[in-house]
Structures are given as structure tokens and as C-alpha cells.
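Structures for review follow.
One chain, chain A, appears in both complexes that follow, with chain B as partner in the first and chain C in the second.
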Partner chain A sequence: MSRVNRPVSTRQAWWLLAGALAAALPLVQQVPVWLAAAAAAAFAWRAALTWRQWHLPPRWLLVLLVIAGTAGVVMQYRSIVGRTPGIALLVVFLALKLLELRAARDAIVTALLCYFLVLGQFLFTQTIPTALLSCLTVLITTATMLAASDDRPAPLLQLRRAALMLAQAMPFMLLLFILFPRVQGPLWGLPQDRYTATSGISETMSPGSIAQLSQSDAIAFRVQFAGQVPPQSQLYWRGPVMPAFDGRTWSIRQILAAYSELPYAVQGEPIDYDLTLEPNGKFWLFALEMPGSLPPDGALTSDYQPISRQIVRNRLRYTQRAYPASQAGIDESRAMLRESLALPSGGNPRTRALGAEWRNRHGDDGAAILATAQDFFNRQLLIYTLNPPLLGPDMVDEFLFESKRGFCEHFAAAFVYALRAAGVPARVVAGYQGGEVNPVDGYLEVRQYDAHAWTEAWIAGRGWVRIDPTAISAPSRINSNLAAAVPAGEALPFLARTDLAWVRELRYRLDAVTNGWNQWVLGYNPQKQRDFLSSLGFGEPDWRSMTAALAVLCGFVLLGLTAWVLRNRRRTDPAFAAWRRFTGRLAARGTVWRNWEGPLAFAERAAAASPAHATAIRDIAALYARLRYAPAPRREDLERLRRQVADFRP
Partner chain B sequence: MRLPELDAVLADINRIILGKERPIRLALACLLARGHLLIEDLPGVGKTTLAHVLSKVLGLEFQRIQFTSDMLPADILGVSIFDRGSGAFHFHPGPIFTQVVLADEINRATPKAQSALLEAMEERQVTAEGKTRPLPDPFFVIATQNPAHQIGTFPLPESQLDRFLLKIELGYPDPAAERELLAGADRQKMVAELAARIAAPRLVELQQAVRSIHAAPALIDYVQALAAHTRTAPRWQAGLSPRACLALLAVARAWAMLDGRDHVMPEDVQAVLPGVIAHRLRPVDDVARSDPEAVAAALIEAVPLP
Partner chain C sequence: MLATLRHRINEAFMRWAVPVKPPEPSPIVLTQRRVYVLPTPAGLSYGTALIVILLGAMNYNLSLGHALVFLLAGLGVVTILHTFRNLALLEISPGRCDPVFAGGTAQFALVLENRRGDGRTSLRVYIGDGDPIEVDVGPQASTIALLPVPAVRRGWLRVPRITIETTWPLGLVRAWSYVVPDLNCLVYPAPAAKAPPLPWSGDSARGTSRDGRGADDFAGMRDHQPADSPRHVAWKTVARQHEGPLLTKLFSGAAAHQVWLDWDALPESGDAEGRLAILARWMLEAEAAGHSWGLSIPGLRLAPDNGASHLAAGLRALALFPHVTR
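Coming up: the complex of A and B.
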């Protein structure tokens, strides 16, 4: 029977079941419940088949099951193309293949399916735990492959062999990772299914929308500063600017005019940094105020928000420069200013009256009105809280004069409303404020709970001026963090809490590792590859030199591994080499030395076969035996052996 | 460095037991390696004579214990009997207190009696009535057993079998040797007339010399390769234990000494292999009993010399 037709042994069946389980379990979340249950049933069936030595199900039943499974997938997804339906189909096939283990060939197909499913996991997540889990799965699957060819070794030995094989493959993996010419785009991107809802700042801001973000400790972006990290109160990460207001919701301008060069002159000291943005499903990028450079493949809107030309669906890293002292929009267009004064008709009579009163008092002096407004906010003793009361239709009035409790969106909305009522152009800016330096790797981590809203007012001669009304009432929000600003006892995301030192420590480390993974493994794009290779002295590497280097280095690794494997092999003993020459000559005469035969025994046999040379044969064998087995072999003996073998002409 | 005295010993034995050079040589090698010998064979092929002759030519005391199913440990080890005259118990040593013991038909006795002997063999001392008494040195047990399929036997468990360094079979003599036996002089008389070729102290010396026979690294590699093969190849139920490897090396050393060499050759290992593995290694397809020579040959041919 040929090798591929050998029947699958019980042990091999158990191995395959283990491998299939390891490959399918991580995908349980991705496939529909009915499929997970059906696969579990098939696995249980396989276990029972192996345990009880039952007969395999008949072929017609399997065919029916394949049809049913495929039909189920098609009905579920209305397609069999794409990430999720494809994986679901593979799970169907794997589960049913287990019920069809007739010969070694089926075992190998099953193991290969398992490998394929491991790749499938990466289409969904590419985190470190996924990578570790898939290493484990690959280990088990490789052991399964080994068991498919030889099922005798104990399971632990099988696993050890698989681990050794994988360890030997590791250098190749690293070389391929580093040197294989990269293409632009993510390694695991798929055209479909890629877009998933991601939390983050949206196009609109209504009461409670930012407070909701404060419950999430997901990373928004990470920043690596070239120099010192600027003080917390300067870290305003500019995001969408919202000039439009409908009485409840602030929103961005519908048509975004974009600059492809800076619309203002930069001033003061620059701050350089690298920003790694997590996917946000929007067009926007974030930049420290005021942006001093345009992001690559991006632009600046007319209200100075950096945006990308494509929706940010993959992690993005870009280098930026900020000029905090810049004055922007000194000669702002009239249309823009008009827009920044618009108020919905009606509502909030008290605030309108307040604005009108400021206007009467100060006339066109925007700076004075601004100062008065700030003073007013200060005197109102507003309370910064994550749980503001629900507000009615006149929400600005209610917030400013009645409840006096609000989150940053309330503050920003009320401030802009009051300024507009007083005739000063103003708008809401959303983004992030602050961030936290991870002491492990020095990256500033900005999380969703750092989301913030502040305001900009336009003052003649000074342009757009940033005023953060939250800072007036709750300076600690700006100077330290969220936890310091909200009243004690309010629910905060676990990681935003400051009272658990060891949790924070652990979290810093985890974040640093995740960041390293993102930056160096997932974010290893053509640019990074070029930079890294040039730093190794590759000059300006192109795909040709990379491929050549890959081939050469793989050759070296192969040589090294071969040397390592041969390391334990006995070096060919010179006496043995002479013996082989001797036996080779006798073999030509018809007396073949069998490799298990002792030299003296062979000598007797050979001497009997060719009595003419009996003495020479016995002498040579005795010499060789002495060299190999006697205590303290002598060099002269080796010389004599060589000479005698050389002279030996049967 | 051939040792004429050993050649003389072998010649003497071969004069009385005809046509059995190889088993006799193995028996002597086993004695030189300070091990005990198990002979499995039918009655009447010369087991007792071999034990007798061996002790005679080596100048050793000899006792024979016939094992029976009603035997008790005291029948082997000895018993304390009250002495009216002195008013105290006196230990009367059993037949085991001798230099060569022939334990005949050991598998006829119950496991209890068997283990009394086997423990004494292993520890070379007897503990009875709370007192430990050393056995003489040299101390050599030749046990014989009937083939396992005979009725009324208690087969020795594998762990007990392992205490015997070698297991050999004598077998029927070939026709020429048998004819010489039938035509020749009375064996019992010949045995009685035998003179000792070596004295006990010299035997102890030789036993020590065996241990210093050189085993080259290449040879130890070979022993390991043989053991490794029995452990991984699917042919065997269980591989050779480290103790079995030590036994193999010890007997091979003695065999090399009998050949007059100061170092062990692979041929020595191969020559003694059947006796060493006969009671230790079972092929998977072993139905009743397989020929140890054939088993050893298969093993030897499967393992190239390193």
C-alpha cells in the first residue's frame, strides 16, 4: 500500500481532532452560531468515531452535509466571496473532512486546512494575543502533520519535534519579514468587510456625545515627540471644527474646502512629533495646534483641520510639526465670519439677552467681550461633571443659569452661543486634550476619554483665538487629566482611574508592547523597510537588491542549520576512512562488508573467501580494531593502517 | 595477554560437557562478570553437571537446591533452632551459604520462595532473625528453569528475571558429541577426579580485572545505538533498560577477557547479546517464545556500527 493510502490510525485521528480544534476555536466568534454548533457536533462525532471505533459515515451523508453547510453559508451571507463567508466555508469543510479520514492523504489535507484557518484568524485581528495563539495552533498543526507520517512517538515528543522544526523555520520567517519587498497597504487588508464602526469623535456634537467617549479607554493615537513633551495645558489635538448649530447639535461644515499649503504664517518655536493614528473610520487626522505642516497625502481644511484624502481605515503614522504660537485667520473671509455668527432663530432668550448686553457695553471690541464672557463663566461657578442633568430645548440657558452642571460639550456650546449672541464670531473645535506619557516607551498615549471640545473666537487683528471654557471652571481637566477634574465617585473607565498604581504600571507596559508591535510589525511598510534597511547600511534598497539579499541570507541560514544538524554527527574518523577504502576493495572482489559487522569477524569471513590475502586482511582488521577499540590508540598505527590499506591489492 | 588458566578451565569443562563450547564460555563469562546465570532447558541436558564442573575447576564450594512447590524461604536461607544445651537460638545456615548455588527448577517454587533466593542474589547477603549475614565471595547462582509452558510452573516476573545477568540454553548435543558421551567414561567419576585450576581468591582478582577491560568510546556508542534502536523501533515491546546496557557491557568485557584482549570489540557485544536480551527483550509479534539467537541477529543487523 502506498504511503498516502495508509489508513488513519487512532492516534493520528486524535491528533487531527486536536489540530482542527486549535485552528477552529479562535474563529468561533466570527462564524454564525448555527455553524459553530454544527462544527462542534462534527468534532464530537469525530471524537466518538475514534473512541468507539465506529465506522465512518457513508459518503452520501457527507455529500448531503457539504451541500447543507454550503447552502447555510450562502443563505447567511448571500455570497461565498469575502472574508467571513470564506472562513465560514473553510470551517464547514474542515469539520466534514474530519468525518472522512480514510487514508493518510485525508489527514494531510485536514492539517493543511488547519494551517489555512490560522491565516484566516489574521484577517480579523492582528493583535499580539492573536499572533501568540496562532503560534500555538501552528505548533499543534505541525505536530499533527508529523503524526500523519509517523504516529508512534509520544505526543510530547511529537510536539517537541514540531517546536524544533518551527524554531528552525524562525530565521527564515524573520528574513522574509524584513527583506521581502513590501507593497503599500496593510499586510492583512481585504477590500471588503474592512470597515467596521470605530468609536471616536464624530461629525457632530450634541450634549452627551463626548461624555460618552469618556467611558472608553481605547487608544485614539500615540505621539512620539522629537524633543520634550510640551506641558499638558498645551496639548490641544485639533480635530473637526464645528461652526454649524441647529439649536441642539453642532456639526462640521458640509463642504470642506481644503488647502494644500498652510493658509497662515507660522510663528514661534516649532514642536516636532510623530503621530500614529488608530483607524477612526473618518477622514480626519489630528494635529497639535496650530498645525505647522501638512500631513502627507492630506490637506488642511479652511478651518484648519488636518484631513486625509482617504478614510482612515488602517493605522497611520505621520510626522508633523506644530507652531503653538501661530496666529491663524487674521484676514478671515467674510463668509466664514458670517457663518461663525449664525444662530438658530429663537430659543435661549436669557443668553441672547446677555450677549446683547455685552454688545451694548463693549460695542465692536471683540477682545473686551471675550474677557467679559470669560469673567462671566468664571463667576457662574459651573460644575464639570460626567453626569450632567438632561436639558430641555433651551439648553444653553438651562446650563448657564439653572443646572450649571455640564461636560465639555456644554461648556463649549454655551460659550460659543454667548459669544455669537454678542456678535463675536466663534466656533466649536472638537479633538483631544492632553494624553499620558507611557514611561515604558516614552510615547504619549491619547485615549478616547481624552476627547474634548473647546472654542475659537475671532478677534480682529489677532485672528482665531483658542478659549477653553472648560479650563475656566475646571482647570484640573486641562492641567492634569479627566480623573482629577470630575467629582470623586463618578464612573470613569478603569484605565483613567489614578488610584490603582500597579494597574497603571501594568497597563503602561502592555501599551508599550502593543505600540511596539503596531509600529514595527504591523506598521512595517515600504517606508519603514527602506529606512530600516538603509540604517543597516543597505544604501537605497530596491526590490532587486532585497531579493538578492534575501536569497543569500537564506542560503547562509540554511548552511548554519545544516551545520547545526551535522554537529552531532561523528566526524569521519581517519581510521574509519581507511577501513572504508579497504572494505571497498574487498567488495570489488565479492566480499561485501555489512555495516553492522565487527572488523575481526569480517576479516575472518574475507580471509576465508580469499585465502591468498588472509594475512594482509587479518593484519589490517587487527590494526583497525586496535585503533578504534583499544585503549590509547597510537598515531603510528594509523599511519601503518593507511600504508597497508594503500598497499592492499586483492 | 591470554590467560592460560582460563583456557585450562574451559578445556576441562569442555572435556566433560561435550559440544557446548559457547554456552560454557558464556557461563564462565557470566561468572567473571560477577553475575548470576539462568539456564532454561529440558531436564537431562547437563545443567547440573555444568554447575558442578564449574565449581570444581574453579575451586569453589557447591550446593544444590532443588526447588519444589512446597518450599519455604527458610529452606533456602536457613533457620534458627533452639539449642537446649546453651538455652539460646542458633542459626543453622541454609544451603545458600556457599560459593556456587545450583537453584534447580526455580520456577517450580512459589513466588515467595523464589524471591527469597533472588533477594539474596541481588544483595549478596541474607537477613534472617534480624541479623544480616554476608554470603561468601565469590557468590554465583546458576538457576535452571523448565520451559514456561510446562505444567506446574510459576514463571518468574520480568523484574526478577532482570537480576540474572545472562540466560542461556544448553540444548541437545549434536549427534557426534552425544555419541562421544555415550561411548566415553562415566561423567560422575570424571567430575570427582577433576582438580581445581584456580583458587577462589584468584577468581576474585579476575573478576576485578574484567572491570578494567577497556571499552572505547566507539564501543560505548555501539551499545547505546543498540539500546536506542530497541527503544524507538516498533519491533520491541519495551526497550533495553540502562541496567540491561550495563549487563551487556559487563558480559562483553568478560568475553573479551576470555578472548585474551584488553579491550572490548563489537564482536564481543554481538556474541553475548543473545544471552543478555533473551530474558529482557520481547518482540511485539512474540507469540510464545522466540529464539533469542534470531532476535539478537535481527537486532544486530538493524544497527550499523557507529
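Coming up: the complex of A and C.
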């Protein structure tokens, strides 16, 4: 059709360039440098084409450029599927489409590409600033579509109209967002590169691995307690349990769901909480020790580490219960105990000798050995620091007897090593310790710098007992936080510092907003949708009832919007309205005004029919005629007409 | 086969779509019932893009992706309303249509009246496959769209079905309506390219006029009327007074030259259309020369006269031949 083939005007070209810029700029960091430069060159070329009214580049050149761009992307990523290559390809297409604006159809395609790029942006980040930025992109792109249809209005007017239309679309968005039956992704296989940026506790622990995490203030998870927040010293968030040791690195045994029911009896007071876990790219689910319930779709490994059956790729919220006083593993298997005694052959002779000495002194009395070990750690005056010296092959000896400086992984490793040397089964437990309550929304925020490692020793009759060797030397790490425990002046993440009150205040507020955003916008998954709709009074929300409610509510919005949009702002002329009232009264008396009849002629006819009111009729008609036909009608006449018509009672 | 089926469906739709038997009484109000809305090809691409975005958002569990696609879906709904509103309740009445000669182009004037407080943008009006005329109608204003239709045959040319459509504001949906207003154009027969000279007949007009030149006395002046021949304008007077009305010289007595344009005077051999064409040409020539001319065709006789309205009457008689009865 002819209108689709209309050439793109200069104004439209500028609009399209603006839309493309708004869509591509936020992705600059995500595409390779050469592509960003090439896209910038294409945009500049487009600007020059529009500015100078040059001819468009020939088709063959564009085809060559598309091939070159695609080849570049393939060479860069060795693939064209997946998040980053896909986005890169879209940027290539968008940049080259701008050089091919021949008809209005190309303008639509360009606008659609811009919308796609907004989605592409969400693949990398979905924070509040991103959302605001993409609102701007959508606004500009929509104004571009408006301009593609009618390029005459000024840019501000186009933006205003786009904003109005988007505002009218908002109710639909809200309803659809809340009620559209959500499906848990992925629908098909996800490219591997989707989850590269997650950091957190890994399967292994070697010197320095947790200290490295302490430099990150990223949120690991947030917790909402049903009751009081327990004291800091009780907040041990159990993660990977590492019984295997190769002389330098501790590692987990195997990620295997061993128990889908609690393998131990719970006792003591329960603590109830909801935990919102950030994606960690692992199977880890964290739980307060000792877990008193299993999260949905979760399990415990044979050493009581809570795990998920799928890799945690999305933010996850689950309700949990903990029994801190529970005793687990009283009748632990021999194989497990044997494993928890294993030491590599050779190395660390002083610690081994120390263990043997404890063993000689206390024999099989694990509890006594444990007490001796704690006492020993206390007397060694070990220093808790983020910057321990590098250790050689006999790292436990070096730490305990020479440098005496270490981070929690050194403490835990040395403690377990010493206990094993003394014949007490022990293992390293990694996880998080503590957290910080955000006073704004009451959530406890656990960050990567709260990562910690502690130990468990098996004592006959008591099962696995938690001992935190760090707490022996640096109790403030456990009772308050990292910043309080490390020596002043050591590098800490900005947010871990506690000396700037206003920064903390601001940070609390930001975190509360972010948390609300995460919980309600980003975390609005099928589960959350069901819970929310149930709380609104939906009996058993399934896709049928949701679709029905959606249809009904959208129908209402549509009706309201239609009424508003189609409202007829035709105002009846006030003089004519008065005249209609007047003729209506006369019609009731039998003299009907015919709409082609002049007012004065009608007045004569009506006066003849009802002589008693002749004067009033003639006055009104004369007033009306004056208002209607006089060159400059006066306002007083309108008032008089109204009054006289109101008083007219034939 | 498929083409005929499509044609039939189209015809059935038309019978349903144009509710009144054409021509429709004016003003034609495009009520909600007769404005149709369907997505354009661009709208279909838009919908497809939305589905792809939704699938992507689902696959990657992107909450903001969902929000984006829902916002754009809402925008799609809103644009339907805006496009519909752009056309709905427009009032259309027939304008005038000046007569044309066959072979020319009739310009049908259509008055689009907007009674609403805000304007209507980018309305396209067209006939059949013709080029659309794009017009805007301001708030509480009216606009005239001139629709060209080739005039092929003499007689009354009724305006074909008119399509009026808009895809404003986003170009994603098209709202359209059909109207068949009561609008006709008179098509005069095309003047013959070659014609015999004006038929000055021996006994009558020509002789009289030549002898009667003395009787053609100047009898005064009056204000110029558009129908007066430019030959009778008092140009000298006009030249003397710089600003002032044109004046027409009046002559007493009969017009200087008088000619009868007679159907029967034409050779029998020519068919009716050929004769009409010659008569039309004669009329134009006589009028241009300022002669007074009369017309005689079967069933109609026009007394000799001259001027635009006389010419119009004569051409009208030719255009409607032979249906005219007086």
C-alpha cells in the first residue's frame, strides 16, 4: 500500500536516530568494543545522511556490512545463540537498518528493534535505575512511532502524546502483570552464559577464598523473621559442608540429596523466617542452623547441607524454620566418621604432634580434647585479619605457630586439622555468619562479606557440635560484624564500614526500596502470584480464574478508557439552549418551532396563537435574534435571555 | 476461482457494511457501528514482536520483560481506541461538483465536519484504488476533500463508494468506513476536435446582424456581471478610473450576431454522440466570439442568448440528451 511505501522524511529520520540511540546506549558495556565503535560510526553516518541529505548507501554495501557484522559477532562469541551474541546481533541490525530507511515500513521495523533491545537490557540488569532508563527508551521509541505516522508535530508534542498513550496503557500493564498466569521459565534450554556473573561461596575453600568474598557487598540473601531477630552470635547460615582435605583445599563430598525429610530430631524453641535468596549459580540453599524444615523442592545432603534440586538461577523465596538447639548426627555412620578423620599423609608435623599429645592426654574423650583445643587457640593469641601473609606447604603449622595471622578459613582449617590429628572427627562448614537488620523494612540483609567458615566436631552422645574458632580469637566478628573485628585501616567494602552514619542511613533506605522491588516486581513468580492472589481473596488461583479475572478487569478498564477517549466535547451553545427551552414550552402549548423558521417569524406566529404572552414572546425572540445575528453579541443579552426564558410561563 | 470468491465475499461485506441503500442522506455520521478496525501489516508485526518478547521474558524469567510486553500490549489496545476515535462520529456531507467535459476529471468535493473539541489527524479519503487524499480536520471545523474521478461518459456521474480511513496515531491499526454520499457530477459531452464552421443560415441571424449594425446603438452602462461577455466590458472606462467596478456596455436592439445551432442542420450520417460533440464545440465557439446563439435539439429548444448561464444550460441539455423534457 502506498502509505507504507512513503519515503522516510528528515524529521522521521532524526526521530529514528534518537530512538536507536536511546535503545543502544544502555547496552554499550555489554557489546564488544569494536561493535560499539562500529555502531557509533553507523549512527554518525545516519546523522550525516540526514543532515546533508545524502543518498542512502547502496544495497550491496549494506548486505556486505550485515555479513561482516554477523561474522564479527560469530568470531567474537563462537556462537550466535545466547544472551550476549544475540544482543550484539540486534545492535548490528539496528545500526544497519538506520542506513536503510527507505520507506515507512523500515521505520516500524527500526522501532520494533528498539523494543527488543530494551528486553535485551533486562537480560543483564533489572534494577530500578534500569527500569527508569528503559521507560525513557520506550517513551522515545513510541514517540518515534508516532512520528513515523505523522511527522508534523513538534518533538515535545510527540513526546507528550507518547507519554499520554503510555499512561493510558499503564492500567493494562498493571492488570496483566498481576493477573497474567505466570509460567516458570525456562521454556527451553538456556544458553550457558546466562549466569556468569554470580559470585558467592563455592564448593571448595582454600586460603584466601573467603577473604576474597569479603570484598564484595553484594547481597547474598535477605531474611524476614516471624518473631524477634535472634542475637548475632546465633546467626550461622549453613552452606556447603567440607569434609575433604587435600593439604591445601577443603571441598565438599558430593552434591547429593540424601534426605528429603529431617534426619534428626528437633528440639528447643523454633525460629521462623522467610529467606529470599539471590541467585548463586549453585545448588546452595542457606538455612539457619540447624534446619528444622526443608524448603520446597529442596533436600539435605548427608552432612546436612540444604540444597536445591535445581541450580539457583533466579531469586528464590522460601519459608524456613530453624531449631538452634537441635542435636544432629548422634548415630553418625562409621564411614562418615572415618571420612571426617582423614588427613593427607605428611605435612604440618607440629600440629600433628600437638594432636597426638592431646590424644594421649585425654584418650577417647572427644569433649575434653575439644576443650583443650579451644583453650590452645585462645592462648595462641591469633590475629583475625583480612590480609594474612602467604603460607607455604605446611600452612596449618605456619598459621598456628609462626604468622598467627589469618582469616576465618585459616582458623577453621587449622582447627579441624588439629582435631583430626587428635582423633576427633571434624569438618569445615562454610556459609554466612550474622547479617544486618535494615531498620527501614526490618529485613536482615546478609551480604557476601558476611561469608564465613566454621567447624563441626563429632562428640559421642552429642553428635555434631558447632565450634567457631574465629569466635575464640575475634569474638567481635561473631557478636557484631566484620568491620568491628578486623584491624582499623584494612580495606573493606564501602558498605561494610560503619563509621559514616548518614551513608548507612541512605544505604538502609536504598536497600529497603531495592528489596521491595526484588520482592514484588522482580520476584513476582508463579509462587508469589498464587500467594498474592490468595491474600486478595482468590480461593484457589489457577490460570482459569486468573484469565477470567483478567478479562473482566481489562474489560472494565477498556470501557472506562473508551468512555474517556470517545467523550464528545460538543457543548451546546447557551443561547440556543435557552431558545430550545423557550420553544419547548411553546410546543407544549401547541405552537411548534420548525428548525428552519427564523426567530422573529416564529415569534409572530406564536404571539398570534397566544396573544396573552405576545410581548414576552416577542422580547425573547428579539433577544435571541440579536444574540444570534448581531455583529457583536453582548453578554448581558445572554443573561437577560436566560432570565426571561426562565420566567416565561405560558 | 479464488479471485471470484474474494470478490463475492467483498460484495457481501459491502452490502452489510453500507447500511443504507446508496446514496445516503446527508450528513452521513460515521457512527461506531460503521467504523471498522483491523490491524495493519505493521500492527501484525508489532503483535508478533510482542509474542517473541513475551517468550523471551518467560524463558529468562525476566519480570521487567513481562512488564515491558504488558505495557506494549496496553499501548496496542490504546492505539486501537485512538485510531477509532480519530474517525468515529465524523460527519460527511456532499459538497459541490463543477461540471466537466467528458475525458476530463470530475472533482468531487466532500465536506468532512468535525464537531469535536479536538482535531482529527491524517484522514485518508479515496475512491477505489485511487490515490488517497490526506486531510486533517481541526477542532470544530470542517475540511473539504477533493476527490478526482475520471469522467468518461457524458451525463450524470455518480460518485463511487468512498473509503475514508486512518491509521493515526501509531500506524498499527487501520480504522475505516465506507460512504456513498448523494453527490453527482454533470459531465458534458467532449467538444469535437474538428467541427464545421458555425452554421450562419442564409435567411436569418447573420443577415440581420449585418444590416442591423446601425441599430446596435450604445445604450449606457451598468455594473459588470460575471455572465457578461468580456467583449462588452467598457475597458476604456476601466482604464480611466484606476479603482472601480467593471462596467458593461449596453446596446439597444438585438444582439449583434445571432446563430442557431440546430441538430437537424448537421449531416444525417453522424451518430448522436458525434452531433452532440459538434454542437458542444459550436457552443463554445459562439460563446467565445460573443455571439448570441440558440440551440435546437430534439425535444428542446433554447432561445438565442449569450452568457455563462446560457452556455451552462446548453451544455447541460447536451449532456442529458435525450432524457431532457421540458
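One rule holds in what follows: the second predicted complex is superposed on the first by the 543 of 650 C-alpha atoms of A that agree within 3 Å, B and C clash if a C-alpha of one lies under 4 Å from a C-alpha of the other, contacts with A are read in each partner's own complex, and residues count from 1 in each chain.
Note that in this section a contact is a pair of C-beta atoms (placed from the backbone, for glycine too) under 8 Å apart; a residue touches a chain by one contact, two chains touch by 3 or more.
These numbers come from a predicted model, not from an experiment.
Peer 1: Answer with first, second, both or neither: which of chain B and chain C does A:353 touch in the superposed model?
Peer 2: neither
Peer 1: See if chain A has more residues touched by chain B or by chain C, and give me that chain.
Peer 2: After superposing on chain A, more of chain A is contacted by C.
Peer 1: Quick one: classify A:37 as touching chain B (first), chain C (second), both or neither.
Peer 2: neither
Peer 1: Figure out whether A:628 sits in contact with chain B (first) or chain C (second), or with both, or with neither.
Peer 2: First partner only.
Peer 1: If we overlay the two complexes on their shared chain A, which of chain B and chain C does A:524 touch? Say first, second, both or neither.
Peer 2: Once the two structures are laid over each other on A, A:524 reaches chain C alone.
Peer 1: Is A:67 touching anything from chain B or chain C once the two structures are fitted on A? First, second, both or neither.
Peer 2: After superposing on A, A:67 lies clear of both chain B and chain C.
Peer 1: When the two structures are overlaid on chain A, which partner does A:172 contact: first (chain B), second (chain C), both, or neither?
Peer 2: Once the two structures are laid over each other on A, A:172 reaches chain C alone.
Peer 1: Just checking: does A:600 make contact with chain B only, chain C only, both, or neither of them? Give me first, second, both or neither.
Peer 2: first
Peer 1: Show which residues of chain A both chain B and chain C reach, each in its own complex.
Peer 2: Of chain A, residues 570 contact chain B in one complex and chain C in the other.
Peer 1: Hey, which residues of chain A end up touching chain B in the complex?
Peer 2: Those residues of chain A that touch chain B are 152, 570, 573, 594-601, 625-626, 628-631.
Peer 1: Help me check something: in the complex, which residues belonging to chain C touch chain A?
Peer 2: 40-42, 45-46, 49, 52-53, 55-75, 77-79, 81-82, 84-85, 88-89, 115-118, 121-122, 124, 131-132, 167-172
Peer 1: Which of the residues in chain A come into contact with chain C in the complex?
Peer 2: 2-4, 83, 104-105, 108-109, 112, 115-116, 118-119, 122-123, 126, 130-131, 134, 138, 142, 145-146, 148-150, 161, 165-166, 168-173, 176-177, 180, 182-188, 190, 194, 313-314, 521-525, 558, 561-562, 565-566, 568-571
Peer 1: Residue numbers of chain B touching chain A in their complex, please.
Peer 2: 214, 216, 218-219, 221, 234, 262-267, 270, 300-306
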